[in-house]
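You will see chain A twice below: alongside chain B first, and alongside chain C after that.
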Partner chain A sequence: MLRLPRFTYHRPTSAAEAVKIAADHGPASQYVAGGTDLYPNMKRRVQTPTEVIALSGCADLVGVSGSAAEGITVGAMTTLTSLEKDPALQAAHPALVHAASVISTPLLRNMGTIGGNLLLDTRCNYYDQSHEWRESISFCMKCSGDTCWVAPSSPRCWAVQSSDTVPLLCAVGAEVSLIGPEGERRIPVADLYQDDGIAFTTKKPGELLTHLHLPAVDGTWRASYRKLRRRDTFDFPVLGIGAWLRFDGDVCTAAEIRIGGAGSYAIPATKTAELLIGEKLVAGDAAAEERITAAAQEAFKPTRAMDNTDHFASWRKKMAPVFVARALRDCLG
Partner chain B sequence: MGSDGTSGADRPEGKHMHAVDPATLQVIGKPWRKVDARSRVTGQTRFADDLKLPRMLFCKLLRSTVAHARIVSVDTSAAEALPGVHAVLRGEELPNTFGILPVSQDEHTLCYDKVRFIGDPVVAIAAVDEDTAWDACRLVKVEYEKLDVVTDVFEAAKQEDNRIHDYGRGGNLHRQEHLEFGDMDAGFAESDLVREDVFFFEGNTHLPMEEHSTLAFRDPDGKVTVMSSTQTPHYLHKALSKVLVDHVPAHKIRVIACPNGGGFGGKSDPFNHEIAAAALSIKTGRPVKITLTREEVFQTHRGRHPVLMKSRIGVTKTGRIKALDFETHLDGGAYGSYGTASTFYTGALQTVTYPVENYHFRGARWFTNKAPCGPKRGHGTPQPRFGLEVQLDKIAVELGINPAVLRRQNLVDAHSLTANWMRIGSMGLGTCIDKVVEGSGFLERWGKQPYGKGIGIACSSYLSGAGLPIYWNAMPHSGVQLKLDRSGLVTVFCGSTDIGQGSNSILAYIVAEVFGLEPQDLRIVTSDTDLTPVDLGSYSSRVTVMTGNAALQAAERAREMIVGPVADKLEVPKGRLTFAGGRVFDCEDPERGMSFAEAVQIAEAKLGTLGTTGSYRPPRAAARFKGGGVGPSPSYSYTAAIVEVDVDPETGIYKVPKIWVAHDIGRALNPALVVGQVEGSVYMGLGEAMMEEMSYRGNRFGVHKIPSMLEYKTPTSMEMPEVVTWIVEDPDPNGPFGAKEAGQGPLLPIMPAVANAVYDAVGVRVDEVPVTPEKVFDAMQKKARGQEGRYGPNELPSIEWPEPRRVRTPWQGGTGVEVEREATEARS
Partner chain C sequence: MTAPKVLGGFVVNGERHQTAFQPHRTLLEVLREDLDLTGTKHGCELGECGACTVLVDGTPVLSCLVLALEAQGKDVTTIEGLADGPDLHPLQDFFAELGASQCGYCSAGFMLAAKKLLEDNPDPTRDEIRRALSGNICRCTGYIKIFEAVELAARRLRGEDATPSREALHGQ
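Let's look at the complex of A and B:
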């Protein structure tokens, strides 16, 4: 099997201590949460920190607190399994629980954390390869090379946003807390990301994501996550739709739809959302069904599926309206 | 005298079926535990990578990062200087070539003149640990002069001057076969319906859980032992003997095949890493181990050939095949491997399920700059079987006959000859079809379910062992030795290799049955070239039939040795002695007897040390024409499968909720093992049908797109449907107790049955494997636009064919040889 390169393993017991270690070592260091993303990347030599700061001993990063009505906060080191099994989250945020439950396998969810999933490296099948494999293509822009082999004339990297929770959390307007050498800040999840395969987050050097803040549940909104992948176990999304609709009675008053797995960030389906706002949307109503189908069609254009994941890119793009429509239908009362 | 110089009477062809009364069988036909089951499930089986020896070194291979190039220079000085490195092995140190088939000895242990695919090994390094060996590989500087990359059969045909090898039929054409049986023009003229279809079957790989691993060491007296995850220790021994001829003589090389963690054909070739480890152990005087990474397993490959094929078929109104004209193009990858046999196999077994009155086959294998293809479960026959079974489905639709009925009313006869001179033995396909049709309600459901729901049928056949060995010789294919100890222990020695299929258990069941013992009481010693008689290996579904017959012969000979002295002692006629329950006794007076151990002691006192041998060689084939060596078998198994699908018309995504499968095994020596093989085949076939593909990026230097367990998609337990299995028993005269194969045949019908079920569900044809959702979707969109609802290839490379070898069919009065030779033979 592939083997890990040598590194020093740090085991702080608090977030503050972790941040300090990171500050001491600078770019040579990296945080590790569950390790299900970082360690394989290290084995493939695409990430090679010499100082690995394990967060598993940081008790202040674990747990679920708050209330549905006021807003629930989830510690970044809460495992995906704990999140999925948390009764409060199951009751208040079924879409998030569903999104977490379709990540990889039970074994990996036992290790993987919500913080790690939010910061999952972008993926690309020119990048998620061994050192030897990448040598065969003279490496790629995201690691050690100059060219993005997905689109060789492109000046940017097209690695794919592949977290299941991110499109949903962007759509529902969740927030995250970060601490770093310059102190603490709280930002919308959507602002944590930017449209670039390499610099895909706005996290500053040494900053540590500590908590996820879920929006208050007041009965006015519903959300859904729909995932396309080859196998119902194990696989990363090649399309992950997060949808959120707010209602006043039967009328949709706000909408946010994010398309994951189809670009370097969870792409907003703005036009789709615009077409829904102000419309009467009731489950089973033929007119509503038509409106949803028509609005979902508008998700085709922003979907930027390229040939760097599983399945034909052209089919993945055609599937976006189908999956957006299904996610929207899930949100009807 | 036979043409091979042996007389019929001397041929050690094993025992043919003797009268077996199923009611008296103690072991055969019963679901006994596998002899190695407890060891396997408790994690105590030691696979090759579990082995450790003092002072052991670790080996890594530096593999080519370019797909096609001349090697200009290799500088290993920096690697040699790295602390911890003990030896660096370079290609020119081992100039002798090797390869599984005598006709394609085209591999070097390490390349030194040319590399032919990404992954071709160039340098091997032995160091104190894997990390050091890996680091040392990174210090080697290889200068390549790049050549154009040949990525598929069309490119191979086009780039005639850019030759990957300097042997073969010219250009990049490795093999070209052309055979004609009967009168094709007459056959088509007599047909009521003629259709032509083009199909593609994508390559896929074995994906064994265990990555290949080898441990080699040299004794102080110069003997070299190679312990390896191989299915074919005998052939590995031959390759080692050839390549290492200047370093160690053949009789000082010992190959031990470790228990395999899955083989499926992927561990049937002798491999570079095995020879490199042996050479490095000689060079360093220390044990050397190498275990491949998963990516290297993808590069080692030898899996399913991608096959592009065209089938032109003529049938009567009832679906009887008057003429079949089949052309295949195999994308062979970078080396010969088993490819010559694979090429013939794409043409050999189309005739053994439904009678084909006139048959024409053309097969071409091309070299390309990809990992070499070879034998994977079903070896060369699943691809044409897919084409034929889908084509028959189309014919059933055109003729308005239910496809199960069409097949049922057109079956070959048991104990008959086919157009291409395959000798059919027992033939239980009709019963298989009846079982699955009845079990699934096929007649009531096919064509009658709501849009999106579909059901499809396909059938198949596979050989129970190849009729000829890989290298020509007149010796047995399988040998068994028995040693009977005074304690009552029977030790069975055999060269066969248990790759998880249960071949060690089969030896135990057969010998235990003859002696009236329990299988767990025997000692089974296998797959060690120093200790065990040759068995050719665990490939071509040959082990149960061939080792089984050899074991039966050895056991019956030993029983015969015991019977005389014991009969004398008990004063009972020999014919009344029975072996059962660990005793030997008078069947008319069971009290009168003794324990098996006492019986052995009495016999040993009389006869001296007790031991016997048994051996097996398949019956001579009816096919005597050139090229007729591939396809003949002691017997053929038969399978029928029905697959149910639910297709989502909005996306093309489909699920397979249930599969019904019936397999004609002749006789199940252990029904639990048979069901395991059938279900395992169904699983593997479903992976090929739905998702597996060895995809390369032709426009990106020929890299393998997805060499990992995550991205090379194969079904998980979640995709595995409910499988209903029937074992159909129609004992075959050539099998031990009537047994035929079970390990490969049941895979074959799954792919076409899935494609046929998708058609039944949504009315579109995916004429290629895998049948992925995007292809189903594409075909549905085409249909919605008023075009043909089909996804698949349309053309083959256009090449010149040599004149066919013409052979008259049995019903034309042929004799199994070419028409020209018939005349010569008649004169003499």
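Let's look at the complex of A and C:
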């Protein structure tokens, strides 16, 4: 039976109190939101905080506020089910609602939160295993060892970015607020991540992600999220494409495409975006379809799929242009 | 090191319980091992199967990933609380009648997830049932019997005729 390791449990009632507890206990502490990522990791002994700071009592981290025109703010402890069912978000941010609705299962979404999903640990077939399994082949570099088993000669860890909301939120230019011992800061979601399987966020020690800020909806942009996985439930993305296009009339004036599930962060498909800017893109138009297919093909190269998730890496890489094209077509309305 | 126990109180199936447990123990462990409510099953214990589903304040959650401490002061419903005295819940009746419960390991989780669905949506489509139960895995039935049992339970709860078809009971 997989039991949790022993720990001391803290239940602050505000974000400020949570940050203070984390500062008092340093690296031995860890925040827990819904627990759907941390507790399995603790059961597998890949994360072993001795001070667990539960955020479930922090009322200041829950809820959806603001307006579509000014920008909606979502508290980090808002559950994925609440986010999925929120009428304001459904109307203003259907792509985000869709991305949240395809995370794991309804039961997990009742527990999991948007903050937790943003900070979902990177995943790897050699890491998301029991202590005994990992020990039997010698521990990998993400936990207790020094070899990356998917690329043994690599000096770095290649664990995979696996959150569904992150590629989309990077693409649409959303922001997050963090508070920590050094005060509060607000940064683009894209700046919260870096290309490393172990140190995959830029969150500073003791910092707490408190809110997600969505961009204002002004009718000039559309976004989409497309997910590839084996089963239509439970599974993490083995490709998760976030796409965002801004239009002036029929002409695309800005584009951002992020490839999730194919590297340690949501990789920008820069060349794809460049090929679309300035182009006339109308749904159903044969020329637009050609442009999208050609631009999407450029997503093949930056996709760094490796054999450390479900499906063959070579097939996932081939699927990247297909899913990018689908996400872009969604953005044509 | 033995972590000090804490005294937790929650209402399980309408009964108030007070029990002492260590902070790292999950609701699943306390239900099964301290309260002897073994109807809730432990499956994968990692959130990948749905066997341990219980209702906390009416919402289906995975008891293997909820600390017992987090359920303090809340209303917990397990499969033992589904029947009304000697009368089985319609979901239990139809799971038994149709063979929607075969080895039975997943059944408690399915029925509790379905209970919430039918409270929110008394007349769900097959697709809505499929979605609501997509966090529960069954390795025996192939799911069709489970979906039919939920549809029949919904009909009975709506006060409509809920006679299973001959095909549902005996196959073609």
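Simple rule for what comes next: the second predicted complex is superposed on the first by the 333 of 333 C-alpha atoms of A that agree within 3 Å, B and C clash if a C-alpha of one lies under 4 Å from a C-alpha of the other, contacts with A are read in each partner's own complex, and residues count from 1 in each chain.
Operating definition for what follows: a contact is a pair of C-beta atoms (placed from the backbone, for glycine too) under 8 Å apart; a residue touches a chain by one contact, two chains touch by 3 or more.
Everything numeric in this text was worked out from a predicted model, so none of it was measured.
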Considering only touches as defined above, state whether A:230 meets chain B (first), chain C (second), both or neither.
first
Given the touch rule stated above, what does A:125 touch, chain B (first), chain C (second), both, or neither?
first
According to the stated criteria, A:135 is in contact with first (chain B), second (chain C), both, or neither; which is it?
first
Is A:322 touching the first partner chain B, the second partner chain C, both, or neither of them?
first
First (chain B), second (chain C), both or neither touched by A:35:
second
Between chain B (first) and chain C (second), which does A:9 come into contact with in this model arrangement: first, second, both, or neither?
second
Tell me which partner A:110 touches in the superposition: chain B (first), chain C (second), both or neither.
second
Touched partner set for A:311, first chain B, second chain C, both or neither
first
Counting only touches as set out at the top, which of chain B and chain C does A:1 meet: first, second, both, neither?
both
Where on chain A do the contacts from chain B and from chain C line up?
1-3, 232-234
Chain A to chain C touching residues, read off their complex
1-9, 11, 35-36, 39-40, 43-44, 52, 54, 56, 104-108, 110-111, 232-234
Of all residues in chain C, those that touch chain A in their complex:
1-3, 22-26, 29, 42, 45-48, 50, 53, 59-62, 65-67, 69-70, 113, 131-132, 134-137
Chain B contacts chain A in the complex at 63, 65-67, 118, 130-131, 134, 211, 291, 293-295, 650-652, 691, 700-701, 703-708, 710-711, 713, 715-719, 772-774, 777-778
Residues on chain A engaged by chain B in the complex (per definition of touch)
1-3, 125-126, 128-130, 132-133, 135-137, 149, 230-235, 310-312, 314-315, 318-319, 322
